[in-house]
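One chain, chain A, links the two complexes that follow: it is found with chain B in the first and with chain C in the second.
On to the complex of A and B.
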């Protein structure tokens, strides 16, 4: 084998070893196509719009990465996103100052996370159905308390949380997401907590025998997921100066898809926060790019699904090559 | 664990007892259906429906899916009402083929029906927003707001598969062409009742088609998303947004100058009059085959009067 060939193979292997490839490759391919069809896509304003859309998803995707890494699952994140906005809105309407209102929203998220954790860990219920049940209950609670009518008419200070643009350009949610990505990746790869979560996802029994507090760590991931979902809800309400009862409805599966495409294993033990960020960016880019390429709306769902499948195949191929099968 | 199960059974038994005690056998059982509970539109409808049932002394119940817009659940609810011995039904027809068997069963059982939603051969009497009229009214509102300016409009509906909304958009486009043959419909989109999707898509539409200078919403949250886009881009006065329904958020956007007008459907009247028409039918009176519950264009100057007339709370 020639030196060039060997070099090429080493390079390919190094590339395939990146968990994030599943999201990165389809994203790059999509960018190349859209660059030819409509170069306006790369205008700064559009890139910022895409990043802002991805930021809201990523706020949920980041803790969800940890949850999936520990073999957890949460289908209530969309409902909790709505709940966060509604609770914050109700607290503001009740005259609470903004920081306290946000705290109320986060606490409501923590409560739902604790309930999810209790179902999954203490009662050992199947998480898929248990968190689906929580989703229905949370949506029901929102409907009962609001009669499905949005809450609006907030102070400017609340709007500034999401609407303020740093240097007049960068929407604040992007900044929050960048900070979250950095902190999340550090926790996952550089701290004991991150390693323990991955160990639990790899094999719960072995992790327990190694002295890891499995239940406590899993509970933290459930609570964190719901707390950040509620935070995403607060920021969404701020963005529109309106807390909508169905603000997060239906987002759970697409956010989870972004996390998995980004390189986090559904079966636990393997995760990447940066990959989840790329997954969120990919999903936000698809919708935007299709409109910019003037693809008919009727085709959008089909193409969206197709790109997701391609991303999964890339990820599967990568794992296959790496495992030497 | 046994205690918990025993407690749950006791609670269920107590609830069943209470519900059974509440049910009064001699009252007319009237069921109405919608795609969701509460909200600025269906919430008003429910109020109108229950008010009319109370006026007539009927036992009214509004049924809707646990997940908004879940059509198969909506169909099942119609079936459940028939099994529960409904005397009167106000069916919400969203798919004629899928609901044909259910509605035939209602006809066979002699249930009095006044429909909302799509026209259906099983229901000879309909009330509701006339989709064609609504689409035409929205076109007229847009033309009025745009004045002499060129029209390059994007439209946004809840989902493209919604037959009723598609009829509204078709009627809008047809009327727009009549009024302003030079008008261009840049794009027809869907947002699944998400203001976020609406804002994001509108930003992309404007980038792909920079001539776009107005937006028409056929979904109650699409207008809010578009108004937020106008505000964030500082396009007040340059970009025209037409909303739908009289949600307080829409009226507030109009006050802030990010929405030019909104077209309200008369949801309370629809819910109320549907029951009254059914009552007339039961009493052997003739009623029109189609009753349009009406639409109204609300301009910024009309807000105060409208809020007072409808009893809306602008501080909510």
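On to the complex of A and C.
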């Protein structure tokens, strides 16, 4: 009996050691279920729609993967997404040319990222609370500057950023996301930077003693996360031709859930960008399926919360099995 | 039915993916007996003991455990504890930010009604600390203690539960002679009180001193069980590694050149006692090709000296460091590495390896810069480099891609040593070079140290292992009471001289 049990464990280990399966398996299951319930799901338009939604989350999820890999955390990504759209919108309204307006948005992200990084690295405050603080501050700032009024009526050139369809079919954000996924995965698994970030997450002291610039590396991951969040905000504004003060609010948890279920560990040291992409697709598919299956959208945040908790459990269990306990 | 044996483990087999860690192992333990277990790194000693402590549940292995002649199902740690079994693990396991008292009595706090009885807690703790020879305040935090002291705290925690069987997995690897003596006395007392002990150690002299019988393991099997009085040290070594070693400490002195490192006026604050220094205004130098040993008792500040030189601890440290006669500013490990230094730390779990990373990734961690071109790690070069070290240090693991968490303690240590060898330092600081390493590999590591010195590398070695300190050092400093209390060269380096200086004030 114990022999069989061990065999079972070995199989489980083999499955779990392919981290990305955490997102892939439920995705496949979900697709099968949805296919039965509503065949419309597989229409090309719908699939592209899901991929587009996933692309926006993934733009944040990619750098967030590095951040979690180094045992960091950022709850302000949603707020910074809103901020990016708003700053870009205001800059355009002030008459700045498009590239400069985008630059302003990215710089605002870099500023928030620097503040997050500073608190995480230099103070002993828990990152969780510190980035929650910046989330509120950024939301407050947006409310004050916009009076909670959306900015709209943009030029076509700005709208084209997200709305242009490659070959008349594929929305640009999908293309951006694919490029990001490839570049991100290469940086993570092939470069010294990626290895060092993973080492920091695996054991900060060991990494520091090995001569790795721990603080600098961590700072970069914080800043990158905020800059890409702001970029996601710019592209969201372009997509809806409207910069909304709450465009990104509430996205932080679902994006993080996608990253973790994709196989990146909250405990640091292990990460996969491709897994995060699968995680983003899974989350987008769930949202879409809920709509197609006529489930009230009010259920969405309940389900996201539930998925986050499941993801954390899977992560913890994965660690336990891999360590042979 | 009563039995001659308090404990029997019968036909235990335990598999991990790719490894049979134990195959058909049986051992038995009598009341009031000290049973030593020895064997090479990766032989299966810790795994066998983890089965006994309930860390692996009865569903995860084959075989039976009998207590007092009755078969018992070890389904959890709780079952083991209920049967009076306590284990002190090979890797330190303490709560750094809790008090000594809380660490010792965790899960077992004395209560008065609904509240913790702090008065009793502190007086009980005082008594336990006395038992293991620690003169510390029960209220103080564990953070700031050194590994020897933490080891003693773990032992006190096991003793506090008044077990019938105690398992000690390499308890002396971070202790110096003085603390080891205290531990040996404690074991003796326990034995007289009828407690049985299982004792794992790579130090054969300890086994001969304290054990009644010894079990030798190799590749997951028991290959001999003998009364200690019936075997010699050579026979044990041969049984363990399949060959004899004529010289356990093969020192081959290298030609010693000019001064490469000079440390002046080094002062390091005490890690736990605020306002005090652990070393004060010490100065010394290191010459090319030399092995400079540093001796002293646990808590004398030996590790802190290395950490301060390497720029790992900087707060409150004052120092002047000259390399090749030039003043060097070393404010971080990065600076130190740039100046050609390497540092093998004592605590491999906290500061030595990354447990979820592979052997390869751990080995190359300190030379990523060298291995990268335009920011990309040269995969082939990396694998080749790691593979060479893997062979050279005889690291026992299924492959280069095995995670460190799945390696035995001694093999993890080899990886940490290998990491710093690959960084090719000119000055190597080593804190306990052979901690947890078996006799055969120890000799290999000494040979590597010899080779390094012949290539002109200089080594500062902190060691609690007296024979190692005596035979490998060209020169030896002894620290005590914040100062250097002895400096010996060549044949002056004797146990007597070192001990005398270590307790001087």
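Note that the second predicted complex is superposed on the first by the 277 of 325 C-alpha atoms of A that agree within 3 Å, B and C clash if a C-alpha of one lies under 4 Å from a C-alpha of the other, contacts with A are read in each partner's own complex, and residues count from 1 in each chain.
The criterion applied here is as follows: a residue touches a chain if its C-beta (ideal position, glycine included) is under 8 Å from a C-beta of that chain, and two chains touch if they have at least 3 such contacts.
The model shown is predicted, which means the values in this text are computed figures rather than measured ones.
Of the two partner chains, neither chain B nor chain C is touched by A:315. When the two structures are aligned on the shared chain, A:269 is found in touch with chain C, with no touch to chain B. Contacts of A:208 after superposition on the shared chain: chain C is touched, whereas chain B is not. In the superposition on chain A, no contact is made by A:74 with either chain B or chain C. In the superposed model, A:252 makes contact with neither chain B nor chain C.
When the shared chain is aligned, chain B comes close enough to touch A:143, but chain C does not.
In the overlay built on the shared chain, the residue A:196 is in contact with chain C alone; chain B does not reach it.
Those residues of chain A that touch chain B in the complex are listed here as 38, 40-41, 43, 45-46, 49, 53, 56, 136, 139-140, 143, 146-153, 163, 236, 239-242, 244-247, 249-250, 284, 287-288, 291-294, 297-298. Per the touch definition, chain A reaches chain C in the complex via residues 1-3, 5-6, 9-10, 13, 190-193, 195-196, 198-199, 202-203, 205-213, 265, 267, 269-270, 319, 322-325. The touching residues of chain C, when paired with chain A in their complex, are 15-17, 55-56, 58-62, 310, 312, 332-334, 336-338, 343, 345, 350-357, 361, 365-366, 368-369, 371-372, 375-377, 379, 403, 405-406, 419. Those residues of chain B lying in contact with chain A across their complex are 36-40, 42-43, 66-68, 160, 187-190, 192-197, 199-201, 203-205, 207-208, 221, 224-225, 228, 232, 247-249, 252, 314-316.
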